[in-house]
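Going in written order, the chains are labelled A, B and C, and every chain counts its residues from 1.
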Amino acid sequence: MTMLAVENLSIAFGGVRAVADLSLAVQRGELLGLIGPNGAGKTTLLRLMTGVLVPDTGVVRVDGRDITRMPIHRRAQLGFVLTHQVVRPFREMSLLENVMIAAAQRQMRNPWRALVSVDTREARERAMRLLERLGIADAAAKSARSVPLGYLKRMQVARALALDPQLLLLDEPLAGLNYTEARRLADLIVELNAGGLTIVLVEHNLGEVTRIASRLLVLHNGATLAQGAPREVMARSDVRSAYLGGESVAFA
Amino acid sequence: MDYYLSVATFAALNVVLALGLNMISGFCGQVSLGHAAFYGLGAYAAALCSVAGVPFVASIAVGILVAGAFGVVVGFAALRVREDFLAIVTMGVGFLFLGVVRKQSWLGAEMGISKIPSPLDKTGYALLAIGAAITVVLLSLHVRRSWMGRAFDAVAQDEDAARTIGVDVAGYKTTAFLLGTATAGLAGAIYAHMTQLIVPDAFNFVQSITILAMVVVGGIGSTLGVVLGAVLLTVMPELFRFINDYKLLVYGALLLVVMRFSPEGLAGLYRRVSGRRLA
Amino acid sequence: MFYVELLVIGLVWGCMYALMALGLTLVYGLLRILHIAQATVFTFGAYIGLLVANRTDSLPLAFVVAALAAGVLGPLIYRLVYEPILDQPPFVPLIASIGVLVAMEDGFRLIFGPYGLSFENNPWFTTTLAFGGITLNLVQVWMVAAAVLLLSAFALFVVRTRAGVAWRATVSDPVIAQNFGVSVVRVRYLNFFVASVLAGIGGVLVGLLNNLVEPSMGSVISYKGLAIIVLGGLGNVPGTLVASLALGVVESFGSVFLDKVLDRDAMAFLFLIVVLMVRPKGLLGGAH
């Protein structure tokens, strides 16, 4: 069943077409991997899905509803959450506080309601549990400035989960992580998906993404080049040549 | 005694003004260089009402409402522009306010509004002002502790990240402006009745800067720091009478020195010395 | 005919604004600082120019000395005020700059007195030129001439000289410029020098125009200058020029037609706010 669909999506930046007449449907419960060479339009597509960018033409639909013009924060409130390629923590807050803010999202929806809520206990507990799940509870009190990248990336996922998402869009969550860290995070992503969370993943780490994705979609020059089961897609010669001179094409 | 009451009253009014600006610029990170305009809007609105016969309390309420309403308008306008622009736009709002008031005869033009009815005596105003200051201090402390304060913090640190976790950035910015400008309106309304005469020049850019100086010296974001900054900058020129002639020179130099050596103001100094944040 | 006259006056004012605003946009383009203290340099130049002119009776000498004096003060402000706080959040240099403005304005008042000084001999003020039915005094003519000459010189400098190219590179990308051996610090000093010379000359011209040099003469023009650079797109030099001229013309017409409604000085900000509401990126949009 289709959860999120984009239809004929196009966007251009200064004359360069980043996404060209793209249509794609994300099925409920799947773990979709978006891959493609640099500049293929993957991040742009994620941003179009979450409202960070507004398309020149085309629509974004959720359960059939047109949300193309819906603002970012409303989409997040509805459960469509994006984690960024370049991690953006709140630098002056601790990891725990970073996640707590997301956990308290319902309380903060209305500024006036937020004014009268002072209770942090529930948010704190939820946030702590999420940090534990992501394996970074030991650094809960540390400031976001002072922890290594691996921790920040996992904090981002924890923060996204705190929003109770129905669809999680991860932009290169494994980038910058070493082999073990990447494997661990990838396993966690599989777990989350197994628990019913629909996930769309943009990744360059082909080894991991072909291992965990239920479906792969290859983007090239802003359009779909191929899609299907990971093994089949990676075996295609046009996909390989699109990656000419690029990535490590090692897969499980 | 009268003299001390006067100083105390002005200190209290400045506390209210500075805390309002602190909510906008300190809590929510929205630079505002035109705060005096809202002080003025509250003063003029209250004055016009009182002169027309409206009862004291109602006039004050009108002052608060008018300032807050314009604050919301400016808040909305502010949404459209980036941070760097915001400073200039708010400065512009201040000049626009003055520019309009100076030319309207029904607002008293250059001569201002005089003979504003004054139901209280000096002690009464002192108590009123101090009462207002205490209320705003409590409000400010509460906001900081509440989820609204945390949301403001997120908006101030990284708007875009805040959006992606569902924070209604636009709504919070506008709310910050509303709270900050309404409190400025309160101060203005009290001021108008107390002095019984208001002129446009009392609400000019220098006044905006003075309020800003109090926030900055006290420590942007810190309620108690800002209270200290406001009291200090009100009392100091009185204590050192000879400063009065050099007041602007001292203010300017103070801003410079604080920005250069301790941008986080007195609250920052406190933090460095004691290791703890000042509320 | 009346309208043409208003237009010409507007353009004269526009040139005056350009001299101030250009410096502001140069500083912003390089350092992302709103150099409100430019007013100080402007006023300083005016006072120095006046003192020299009254002493030596030579306007050209007055200009040269004023330009140099301003050219020293500007970089000095950079060194003492901005350089130590470059890594702080943007409100810090802004407030520091306001501090300089407020303090120095009072300083001028204390040194030179609050009522301002006049030029003893102001031949340009009294000499007039008439063409096409419009009369302008020499100061106004020189205002336009100065703006045109200085801007052309700047344009040539930026395109033709090594220092100019180095400057452009640094504005574009300081790290890469440094990799190519450009001394970023030197470029900054040069930047402030140029911005300040422009302001200093502008100061003398405005002093001659009003036949008065007083402590607060720079501030209002500086505030408007900030409005102008926002309108022109922060850091955008051609945009700033267009916005300067536009503002001059708007003020000229506005002071006649909106006289009953709005103070002349507030018009700049009304213009700013109206434009920004319609085009949030400014008249020409974004820096280049």
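Heads up, the rule we're going with is that contacts are C-beta pairs under 8 Å (C-beta built on N, C-alpha and C of every residue); 3 or more make two chains touch, one makes a residue touch a chain.
All values derive from a computational prediction rather than experimental measurement.
Of all chains shown, the one whose average CA position lies nearest the global CA mean is B. Ranked by how far their CA centres sit from the centre of chain A, the chains are topped by C.
With centres taken as mean Cα positions, chain C sits 48 Å from chain A. Chain A and chain B have Cα centroids lying 42 Å from one another.
Rounded to whole angstrom, the centroid-to-centroid distance between chain B and chain C, based on C-alpha atoms, equals 31 Å. Counting only residues that touch two or more partner chains, chain B has none. Across the complex, chain C meets chain B through its residues 32, 34, 81, 84-85, 88-96, 98-107, 110, 223, 226-227, 230, 234, 259-263, 265-270, 272-273, 276-277, 280.
Against chain B, the residues of chain A that register as touching in their complex are 50, 52, 71-73, 76-77, 81-82, 84, 88-93, 100-102, 104-105, 107-112, 114-118, 159-160, 163. Of all residues in chain B, only 142-143, 145-148, 150-151, 153-154, 157-158, 160-169, 171-172, 175 touch chain A in the complex they form. Every residue of chain B that touches chain C in the complex is listed here, in rising order: 25, 31, 77, 80-81, 83-85, 87-89, 91-93, 95-96, 98-100, 102-103, 205-206, 209, 212, 216, 220, 246-249, 251-257, 259-260, 263.
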